[in-house]
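To start, I am sharing the structure in question, which I have written as structure tokens.
The chains carry the letters A, B, C and D, assigned in the order they are written, with residues numbered from 1 in each.
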Amino acid sequence: MIRVSIQTEAFDIAAEAAMLERLGVGAVATFTGIVRADDGVTAIELEHYPGMTEASLSAICEEALQRWGLAGCTIIHRVGRMEVGEPIVLVLAAAAHRAATLEACAYLIDRLKTDAPFWKKEYRGADAVWVEAKASDTQRATRWD
Amino acid sequence: MIRVSIQTEAFDIAAEAAMLERLGVGAVATFTGIVRADDGVTAIELEHYPGMTEASLSAICEEALQRWGLAGCTIIHRVGRMEVGEPIVLVLAAAAHRAATLEACAYLIDRLKTDAPFWKKEYRGADAVWVEAKASDTQRATRWD
Amino acid sequence: MRLVYFARVREALGRDVEDIDFPGKVQTVAEALDWLASQSPSHAEAFADRSKLRFALDQRMVKPDAAISGASEFAIFPPVTGG
Amino acid sequence: MRLVYFARVREALGRDVEDIDFPGKVQTVAEALDWLASQSPSHAEAFADRSKLRFALDQRMVKPDAAISGASEFAIFPPVTGG
């Protein structure tokens, strides 16, 4: 089972986890990314490339499914404006055993950060700046190559 | 923040995640273990050592907090009888960055399986057998030593 | 061909889409950027630092030497920063 | 000293707790097991395979060579299987 959603509204981790728990698996892992108040950030805004984003996230899920023999895999990514403390992204992986699910979550979030067409703007009050891509994210993603 | 709970009732992953998200972190990871219908298993029953269990889980959380600089860490473990498909255990870790939270979740569940005084009985209909400790669990836990 | 722009590139150009008929000599992504930069100062400025640009043809990421012929949608944007 | 038993050990002994006054010569966990095994066939059988037993003194895991003196609670149980 692959589920991908791009949405403005917040997500429901309990509902998403329950969907995967129903697959007869022994393990479900999740990762949630949240807006941090780093360096005075008050909010962020996420732009994406409709169509390509969904295709890109589905491809990442498909790869994780094959690689770790997952029963299911979900990526929910919000777009639009989010305040500090709000969740941005949720990834989930379900499988028979625990190691596969935690590794797959690491893969999903690492890949998503380098491969999926999202762009983040940080707000500090009224000031807005586009976030630069991080070399550390690119570096981290290479470990899956 | 450390939170440990031994309980018979099911847990609420959304409420547990929300508690950690309020800590001003950028990342929350979770792991849920679920009763699998392996080899005809229909249900399990978990016994524990009251008092020692809570102390053991708190010590595991404390170690994870130090080791990964977590802002928060939660372990909820159910005891009593659980049917196939029901959740058994939930661990969560919250930190500024993602790698710490996913690694800490792997640590929490690995350690819990070898260090915390829980004993699992598997039911296949009316037949009940105590589960033997797995060498693979002991092996997996040594990677954190 | 439909060009689509995102994030900093979109803001620098003041538009998110434009339809362009490239001359026949323009065969690759890199040549398309050179040609667009020669057409207006705002394109020249938006495309000045090629190391900060990424490209997709029909929603697939491509390198600057990719051939554009046959594509109907050509996207130009900064390195991605989701998650 | 209060002895507490769990899981397979508890079922084998048919009880979850018993109070025992060990003689003075019994100083370690291993010696306590030997002494208990000499007191009844059910203890002898429950403690036959020492590789399948784990121990805690006052709720701290200990090895078979740990001294029992001073402890008020002595737990005997199989290797743990939670999670």
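The rule is simple: a contact is a pair of C-beta atoms (placed from the backbone, for glycine too) under 8 Å apart; a residue touches a chain by one contact, two chains touch by 3 or more.
Since we're looking at a predicted model, the values are computed, not measured.
Asks: From chain A, what is the lowest number of touch steps before chain C is reached?
Replies: 1
Asks: If you average the CA coordinates per chain, which chain's centre is most distant from that of chain B?
Replies: The most distant chain relative to chain B turns out to be C.
Asks: Report the inter-chain centroid distance for chain A and chain D in whole angstrom, where each centroid is the mean of the CA atoms.
Replies: It comes to 49 Å between the two C-alpha centres.
Asks: Can you give the whole-Å distance between the Cα centres of chain A and chain B?
Replies: A distance of 23 Å separates the two centres.
Asks: Averaged over CA atoms, how far is the centre of chain C from the centre of chain D? Could you give it in whole Å?
Replies: 74
Asks: So which bits of chain B are touching at least two other chains?
Replies: Residues 33, 109.
Asks: Among the residues of chain D, pick out those that touch two or more other chains and give their numbers.
Replies: Within chain D, no residue touches at least two other chains.
Asks: Which two-chain combinations touch?
Replies: A-B, A-C, B-D
Asks: Once bound in the complex, which stretches of chain A touch chain C?
Replies: Contacts found on chain A: 33, 46-49, 51-52, 55, 77, 88-89, 109, 112-121, 130-134, 137.
Asks: Which of the residues in chain A end up touching chain B in this complex?
Replies: Touch residues, chain A against chain B: 12-14, 17, 21-22, 24-38, 85, 87, 96, 98-99, 101-102, 105-106, 109, 140.
Asks: How about chain C: which of its residues touch chain A in the complex?
Replies: 4, 6-8, 10, 56, 59-61, 75, 77-83
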